[in-house]
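In what follows, chain A forms one complex with chain B and a second complex with chain C.
Showing the complex of A and B:
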């Protein structure tokens, strides 16, 4: 199990009850380390209230282009994206770059 | 209230050489620049991002000493970062310009009132004067009223026309001759793409200009973020914890623009440089000067010449005329009556019609929207 902070910024909070900052605990049945891919699955399954909003967040099985994903303030592209293994206290943020000019 | 993003508390234990910033080689790289795929640290990012904008300003001679400049401020990320950066650069490089935040209140309940609250906080945060002009005072219509009458599908068309004029009129009232807007590279690429897709070649040249002036108009417009990626603007706002408003407008963008935007985002994901590349392509596409119609001599390869001749005639239609004034309001217009006045006239006629049929007035637009949606003129 891992305890992390997840943030939905740039207007993305609308899909998770209009709350920007969430503290979550994610577990894996097989006991392996929890990675960002697991966290994304958790968000889709447990946190997004309306099923229609999933496509705001996910496109083609991954984070929708136009959403910026940061792991501890580092672009997730530099951290192995979904493969990054989460530690307690990590901060993962998703920021929409598309909302409101 | 503004909730800043959290600072990460976990530190990387063993930093690998490959994780270091490619510029200073001493700190951890945190972003990969979409422009050139360079991996750089936070401090180097601030430095290159700010310096590139400074270079854009200097290379294009956007400002002169003593100039009064209005920042078109919506409270959104682009104009918030623009106001912040211009203030910073003005102090750092001593441009000697006088900055004012200029906001337009379109009158959209639940959207613009909230974003204006953000602009008011920005005014405090950056210590800049703020002036707000409303559609209500300029046109005697709020956007909510317009949508009630004209339907939600046309809302962006109306809003675009009215906002452009409103910024100009607001600036004129303040005696300011230069309005800067937060349009970024992504916006510009999207516009180039849309103009190409619509065959709107007459607008193509104007759409990539960093500064535009209309003949006879005292107010010029410029886009200091022309070469700045949306992604980097958002990252800059994120790392600097800037307070910006990010709720989507109550009235969704027109479907065509939305689709073009999505296409751009998908292309960017595969090839990040494509945003700048589209702008370069747009800059390179210059319309042929119009040639007087030639008498085509019938020869063996006349079919090619015939084609050229047809092209020049059809180009005539899309020609852009500048410098005339609207007979009603005096605003610059290529026609006798400007677009805004034309739209207003249509609205007034529709309002008269509707007030007979419908007497209940709603605060927001949603209430009577459904019944009025199909009403166009």
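Showing the complex of A and C:
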């Protein structure tokens, strides 16, 4: 089990009860280390209240284009994306790309 | 009398001298006039500005700003104030009253005039030593190269993904560094793209555009003036740092700044990926080039997609005039008016006889009549429903849901929505 902080920024908080910051505990049945992929599954299964909102977050089995995923304030592309193994205290942030100007 | 004449003569001479100084100074990037020393003194004595050398760098720099709106206005103001020598402003929009809370270069007297001209007028007053060129056109694949060519930096202050990709691609092709920012609501984002042709570009960060229905603009999602203004000011700071040479190939690390105005103001700096070798624009085998852009082979509208609202047939829609004469005035048709705007919109202004069920709430009922009856207790099988939203887009989607999911037979969408009704029928209703 890991205890991590999950943030929904850039207006994405609308899919998780309009709360930007969530503290969650995620476990894996097989006892292996919990990775970011597991956290995403957890968010879809447990945190997104309305199933219509899943498509705001997930597209084609992955994070929807236009959403940046950050692990401890770093682009997840630099950290191994879904394979990154979470530690207690890690912060995973999802932020919608903005386009207005 | 004689004295007055003499005074006027002296003033004329002085004026001519200043004018010639000014025009001389505008073409001379190698030195500053005495007035310019005075004007820029406060920033030149900041060590980080590089003093006289930094000021001359500013003077010889050419910057093009795309969009003279919520981001463009504050960044232009500071860049012109700082003495960036040559500025181009690209914008074909005209000033609207609803822009003024955030687009600080424009004012009430300019409503209806071109934003680029309005901005230029104010900026000329602010600093007559800056040479400002306006481009009252919409940036397109055909004109972007010609406009950007010769500029050292591009500020992307635009408001749609398609234009953002275009700005990026053309700048990468011309080897120009882009200062890119965006904002909506209470939040903003900022990054430096294609830094000296070595840093990542917009497509490295966002190879796939977002689905069109997830994109929100300022007119749609709303925006708090100072929140987007702050991001525009931050763009000016990043631009000055680029010109002063604070960032170098050695020390530049790709980043994305994320500003939130609410609940507590915060600024986060995320460490971002570098240039992607697979990038179609700046990677090792680019498919996006001057040729493919200008020929139209790269189709930005198609790439980013458009929302399809036209989901109702002609007989499922009525005009605002029909709604007014057949439903309101004559009371001929008994009906229930459903307003599907978000409730914070509805609270600003609405029809007294309407019921507010936001589109999102309607979707989340998943066609359950019981849930719908909780909100419309008088609902019967033969009830006539009329559906309204702000502009007549969401109301079409809602009409589909009422008919297809709830199986309600008589549902009409009001074309053009609440705002069209206000424009055409009753201008005394508050329009926001």
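Assorted remarks:
The criterion applied here is as follows: the second predicted complex is superposed on the first by the 97 of 101 C-alpha atoms of A that agree within 3 Å, B and C clash if a C-alpha of one lies under 4 Å from a C-alpha of the other, contacts with A are read in each partner's own complex, and residues count from 1 in each chain.
Everything that follows uses one rule, which is that contacts are C-beta pairs under 8 Å (C-beta built on N, C-alpha and C of every residue); 3 or more make two chains touch, one makes a residue touch a chain.
Nothing here was measured: the structure is a model prediction, and the numbers come from that model.
In the superposition on chain A, A:21 makes contact with chain B only, not with chain C.
Within the superposed three-chain model, A:65 lies in touch with chain B and with chain C [touch as defined at top].
In the superposition on chain A, contact is made by A:5 with chain B only, not with chain C. Legend: residue contacts after superposition of the two complexes on their common chain; A:91 is shown touching chain B, with no touch to chain C. Of the two partner chains placed by the overlay, neither chain B nor chain C lies in contact with A:31.
Looking at the shared chain after the overlay, A:74 reaches both chain B and chain C.
In the superposition on chain A, A:50 contacts chain C only, with no contact to chain B.
According to the touch criterion, the shared surface of chain A, contacted by chain B in one complex and chain C in the other, consists of residues 9-11, 65-66, 68, 70, 73-75, 77-78, 93, 95-101. Interface residues of chain B facing chain A in the complex, by the touch rule stated above, are 3, 5-10, 12, 19, 28-32, 39, 42, 74, 76-79, 115, 182-183, 187, 230-231, 233-235, 238-239, 245-249, 261-262, 265-266, 268-269.
Interface of chain A with chain B (complex): residues 5, 7, 9-11, 14, 20-21, 65-66, 68, 70, 72-75, 77-78, 87, 89-91, 93, 95-101. Of all the residues in chain C, the ones that touch chain A in their complex are 67, 69-72, 156-161, 164, 181-185, 187-189, 205-211, 214-218, 221, 223, 228, 256, 258, 260, 268-273, 363-364.
Against chain C, in their complex, chain A makes its touches with residues 9-11, 50, 52, 56, 59, 64-68, 70, 73-75, 77-78, 93, 95-101.
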